[in-house]
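The letters A, B, C, D, E and F name the chains in turn, as written, and every chain counts its residues from 1.
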């Protein structure tokens, strides 16, 4: 068996560490290099204490990057697009977890990120790396973008409704994300100082959240609006809560006509019954009736549920995942599995813990 | 990963397929998708009914 | 100085304990009795460990209830209305923290609570005990209802906008409450078992939340709809998060016409500048830019903030409070202060902690 | 390949659910039955939401227990010993996670547990199921006891020192365990009610903790005291802290003579370098310098560290693990692997998460 | 009424903010200045969001310090001693919350803090500001030191036993502190980054903790050893846990001879029955049987409890407090009250919350 | 699971075996066991020294 060689750039960060953890146990992949400028020469466990004793790999300096079969870029927004040519010379396949290649339209990028895109010619060919939506394209892709963690949660929760053409586009789509502290990465600051961040219920982005752009693009595609994007008003806000890993998105959708619960069940079941990482969670009794992020920590599941208010013709959609897994590193490995034609679940079978 | 068993009936709550191996008419079983408590009404023409449920307080 | 004598019924519960704590330090009130069926004869600190050493009062049995100047009822929903006649005989003024006397309309009660109201004749005279909205009526009131903790948060956040007639009623009002575990009271159960409840992000009421009824009634009054209630679709959902005390409500309002931020500031300032317990929180820098419940624990503040999306004509309103204080016991004491014509801040000056 | 068939009794509880999760992914084991009296007929995910979609097994009623290759008993203390004959008839190998068969001496049992043992004749043959100490005996064992979660942590932390004969037995051994809420099992109560348990730093057993008995037995064996137990005074106390999974034990040991740090390193390295689930954690810099339970959640590691106060001839030993894994279910599966002669790490390779 | 004028230096930090909060509500004190170099000119609530709306004071620059009646220095260790002459010229009374003036002996200072003391001539006259031990000296003091938060907890827990001469000094005194994140102050860093610090059970100082020096000095005084300090071996270790405010110290003491529980009760009662801020907590039933820091957040109490192991002649002492209150700012205000001859409880009556 | 490489030297801090592949004299490397910062002093007779360390504040 000849394993492919994968290299992680930005390997001292949170998504980089998570990709490393996953690839260390992946049956088809050998971890070639893990790159970090701040920790070059140190062992992986200096940044990722859970990896102690699992590998003798040491962080490589960015200058020592070597050719490999696939590069996983785990750098902050904006750090990839200027260097992408160099990265693509090093590897025939590149997966970039940042936001640099998520949007197809350079105008859209500029509007939401404020800067001119530095590699606009690559945007049309980059694939939005969500297997549930772009599985086929991934098989041939050479440049794949990771997906925004909150955007992924929302898109997976809503996709069946938009694909079914059920949503009344005249009523704004309101989405509320509740999110843990790891979503902001490994860099400390005054707002992440434990006495300040602990117990927070902090509205960090009530309006204008950048993940809206991904939603507009991807739900627009599903709704048949092509590249012009979802025409509906999207009102997305995000709240940081006491949690390290995990996201719950609650979305309020109004339907064009009356629908009943069994129709909804059918729609979701059809959309997701063959998806290995999506589960429908909707129970009438018990403690865990709807998707709950805490039991997903470390797993690659996105759990999706819904509740219908028949009178109001409103559907409340709830979707949950681990931002570092299905929201970032796990999804990237799933996309990698797609790109190489492997079973999508390779390296991703940890089911999550309970209690936790 | 839930494999499809032979004999099933539709859940009256969520329309999901409920497996019916080793069950008797009148028995209470559960829907694997929505966990509804179901009574086996008929096995020849497989049919399930919603079992009378005690409303459960969920706190909050 | 002749202090009035106040008695607490349901004194072993969370709101009862909080009322007791406040009244023990209230300069005009003497705590006459604290009633509990389960702890009769025991000292207050058996249920409320923070009160150790502060009082020699012991819980009284419900059968031993004595006449007093004011009764504060801290019982579960539905437990008050059947006994209200007896309570009113014992005291000329009654404050009922349960939901039994919050709604003016017995039909509305039945619709949201499922049961026929047992004292419908009292509903018209009961005052919804929110001083910011019903201060005048409180001065003469003999039966005052407490207010729903999430409803209070939402109403105080939105009142200036509804009073100003700014809201586009054709677009549903979407509200999301994030709430701590003490809101569910002192009774243990499997969903409040620590290993299950800890770290939860739990959609416990995606649709049909009862506090909607209070919102519809009170925002309807403010919007000039009288007793017929707010005609707008109200989409209220609530999520339990890792927190003991505290609520954050995020509300999405669309306006009839364009508005700018300064107009909004003016509106909120006019509404609240003379209110002792409402603060506008809206900062451009720093860690605490919007209302945050954790720094309100133990205080009677409701902090209110907003963010405007000019293009979408959307206002995101955020309001936070401590569910046991401004959401229950603190607000009840504030109402008590109103009823007796005292300074509203008596007994309520604790400002909250930081860090916490 | 013929998998062995394993059955779990007490499968609706926390350790039962954890054993189920592990065995569902174990390459040599088929999960035959999962027994629960309270949930008979329901799917596993009704009690263990993380197992949703992973298995079609439903809980069996205790009356329907069938013969199998190995029985794992996950019942409360005292519930096993009276039924042990029946269980042993059903399976040639039994692993009992309760405390019923941990102590070799029925007197010791009675002293610490207050009751007369109901199957004293089996105590001599039952094996204390800690592979690091009893690996050889496990190969032939037919009755294996699980180990106390705090006892395991302490024993693994201290074993190298006692085996080396280093400890001054004239000075009491003081041990302090910090422990999460899942250690008390799935049954709710007023002390585990989230508003009460949250943020707790609760001295739940300052003196007389039962796990002392296991310590005295096992450290006594290591110290060469045979069945008479450790003669040293053992001062063990336990504190519940805000945590669901995890234990940290801090132990204070005084040595007979001066020792230096490198000698200690050597001692620990010799004891543990071939152990697949024990890691020595001792760093001079960085955030994770000593064992930390949170990064062990879901893993089977016991991390062990030490700090030397040369002047005082004192060694502070710190050991951490996940009480449901190496402290219960994971260790039981490791013992199972020993009993069947398999690689000890089968089914136990999940390394834990970071950040978390 | 003529209020005294108090100034806070280091007012943007955690203890500085807490002193500010207390003095804003103190009936005898006017807050003259709050000094900060990093926030000069900004309002107090820029650093202390809980103080929003309570005061129009803005931070002063250190260069603008003006004379006042009392100076409260809330600076990091080592920052005071070099400047103390200047501070004493500004105010006739100085309270320094740092460690610079806690130890009477410059040698002891150098041994534990590594540096030569810069104002050794002041050490003999500085008073260790713990009213329970040095109330008389405080009345005349002009230079008072604050006390270490963990040291205070331990000393108050153990004082009655040492004063009674009960402790067997041949057996080491083992103390374990469990402590929240605010004890490390307001400065962020990688170990206080929320994803890392959250859920931590982190042995940050297993040996050689500096607070040992205060223990040795103060327990030595109580035990009649004068300035030579406690001769007993002190084994103090500290563990950071998931908590923002609060400390629990568990101490293991062995007695010279057998003692029974009633004698212990008597000893503690005699020591503390007239102390306004010390409560003995020792219950046989209920959830809160021993001291628990969470219900003390914001209060000035130190709760003290004990458990006796008659056979081992061991007493486990547990003591809890809020590190920013009785462990720092609250205690400083209590000392201030002593210095001015006021009722010691002025400004310190907040009892703490439950649930919380 | 750390496999034994060929050339090693003892860590002066913890006496652990430190692998010495692809390193030069004077280079700073890390001990895999205790993470001490080490200077490669000699490769022929493998020897490591403790690198001068900046004391790091750990908070608390």
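Quick note on the criterion: a residue touches a chain if its C-beta (ideal position, glycine included) is under 8 Å from a C-beta of that chain, and two chains touch if they have at least 3 such contacts.
This one's a predicted model, so the numbers in the text were calculated from it and none came from an experiment.
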Most widely separated chain from chain A, with each centre as the mean of CA atoms: E
Counterpart interface for A-B, drawn from B-D, A-F or D-F and sharing over half of its contact pairs: D-F
Chain pair, A-C or D-F, that carries the greater number of C-beta contacts: A-C
Same or different residue numbers at the chain C/chain E copy interface, by half rule: same
Separation of chain B from chain F, taking each centre as the mean of its C-alpha atoms, in whole Å: 63
Rounded Å distance between chain C and chain D, as computed from the means of their C-alpha atoms: 46
Intercentroid distance (Cα basis), chain F paired with chain A, Å: 38
Residue numbers of chain E (touch at least two other chains): 14, 181-182, 186-187, 189-192, 195, 198-199, 242, 244, 287, 292, 355-356
Of all residues in chain F, the ones touching two or more other chains: 1, 35, 58
Chain A-touching residues of chain D, taken from the complex the two chains share: 14, 17, 21, 24-25, 46, 48-54, 181-182, 186, 244-245, 279, 281, 286-288, 292, 295, 297-299, 303, 324, 349-356
Chain D residues touching chain E - in the complex, by the definition given at the top: 171-172, 174, 176, 178, 190-191, 195-196, 199-203, 206-208, 233, 235, 237, 239, 241-243, 246, 248, 250, 252, 254, 287, 289-294, 305, 307-309, 312, 314, 316, 318, 320, 355-356
Chain D partner contacts - residues on chain F that touch it in the complex: 1, 13-16, 33-36, 53, 56, 58
In the complex with chain F, residue positions of chain D that touch it: 261-262, 265-266, 269, 276, 280, 282-286, 289
For the chain A and chain F complex, residues of the former touching the latter: 41-43, 46, 53-56, 58
